[in-house]
């Protein structure tokens, strides 16, 4: 399946921080760049996410703020 | 000002596509990685955005979907 | 690819309204229920979206407001 | 009050999962279709949400990704 | 209908800027404070929005970034 | 750094509610108006947020729903 979301950054899960209903993940996309994501625990379990997994961080362009 | 948004990806504006009220931008964050952003024209004008500008793409972690 | 986004509603594109940089789509998910999406024109073109296409409307649970 | 958000899906709360500051809800919108929402506990308490409640899942069209 | 979104700022529409598929609005919430919103034209037409209208700007708390 | 996000509401932190991975904050922007934000605990710690801090609530215009 191809997505309309314009941003798909490939990387590896570097750390996982699990709360009661929310999990935050740090994804290493290489070159010293990291992307942090907050998802539901259900999602984290459903995808069986663990450190080292190859994942894609997907972001809609309307969710990207520009700072200058 | 420091931001709560966990993702701040530095890069250069590669292209600008301006509509009547919305502008889309492609930011080159290096290493062949790009981030696309949709902002209002008011924002694009207020920041005086032009190709080559050094900018930061800011994304809240709750806006990052994980695909695996 | 499996997604962390908890909502994936399957349907058919019923209408497409294209602006200069943004396209809005109405997706019929059956049973008289419709989902409207705003995406970039780049996305609409990249996916080659046209009326009748079978698509999935994907929504992060943190983007769903509850009204009662 | 009428909302600008283009998506308003009516259903019944099927399950509630409460964390320390965030609650996730599963809403059954009929025909085997479910919508999951993450809201603050304050919101869940303020609306007095409980299983079986008739609610509306409200989503802005700019938050809907299309997959094809 | 009561909403889970924690932010509901009341004000009056000060300006409307209409594109082909997207409309941006500036809402004066008093005391020199303004809130800008981007909605679909369909939404703007459906609500019959015009300058001076009393409206509420509704924002999910997960969409609010903190800067310090 | 100047931001493309059109909404930047200045205020003081009135309350902080910390969960395991998510923190919610109530910001008093004056005149009896409050803005609630959900951020990651990492962000709250990184910014060293505490009650009384002067902060800015930043919101992208595409995240603002209009109710009328």
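Each chain gets a letter, A, B, C, D, E and F, in the order it is written, and its residues are counted from 1.
FYI, a contact is a pair of C-beta atoms (placed from the backbone, for glycine too) under 8 Å apart; a residue touches a chain by one contact, two chains touch by 3 or more.
This one's a predicted model, so the numbers in the text were calculated from it and none came from an experiment.
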Between the pairs A-B and A-C, the one where more C-beta pairs touch: A-B
Greatest separation from subunit A - chain, by CA centre: E
For subunit D paired with subunit E, centre-to-centre distance based on mean C-alpha positions, whole Å: 21
Centroid spacing, where centroids are CA-atom means, of subunit C and subunit D in whole angstrom: 17
Centroid spacing, where centroids are CA-atom means, of subunit C and subunit F in whole angstrom: 29
Multi-chain contact residues (two or more partners), subunit B: 1-6, 19-20, 22, 24, 36-40, 42-43, 47, 56, 58, 60-63, 65-68
Subunit B residues within the subunit E interface of the complex: 1-5, 19-22, 40, 42, 58, 60, 62
Sites on subunit C touched by subunit D in the complex: 5-9, 24-25, 27, 29-31, 33, 35-39, 43, 47-49, 53-68
Partner subunit E, residues of subunit D touching it in the complex: 1-6, 37-40, 42-44, 46-47, 56, 58, 61-62
Of all residues in subunit F, those that touch subunit D in their complex: 17-20, 22-24, 36, 38, 62-63, 65-68
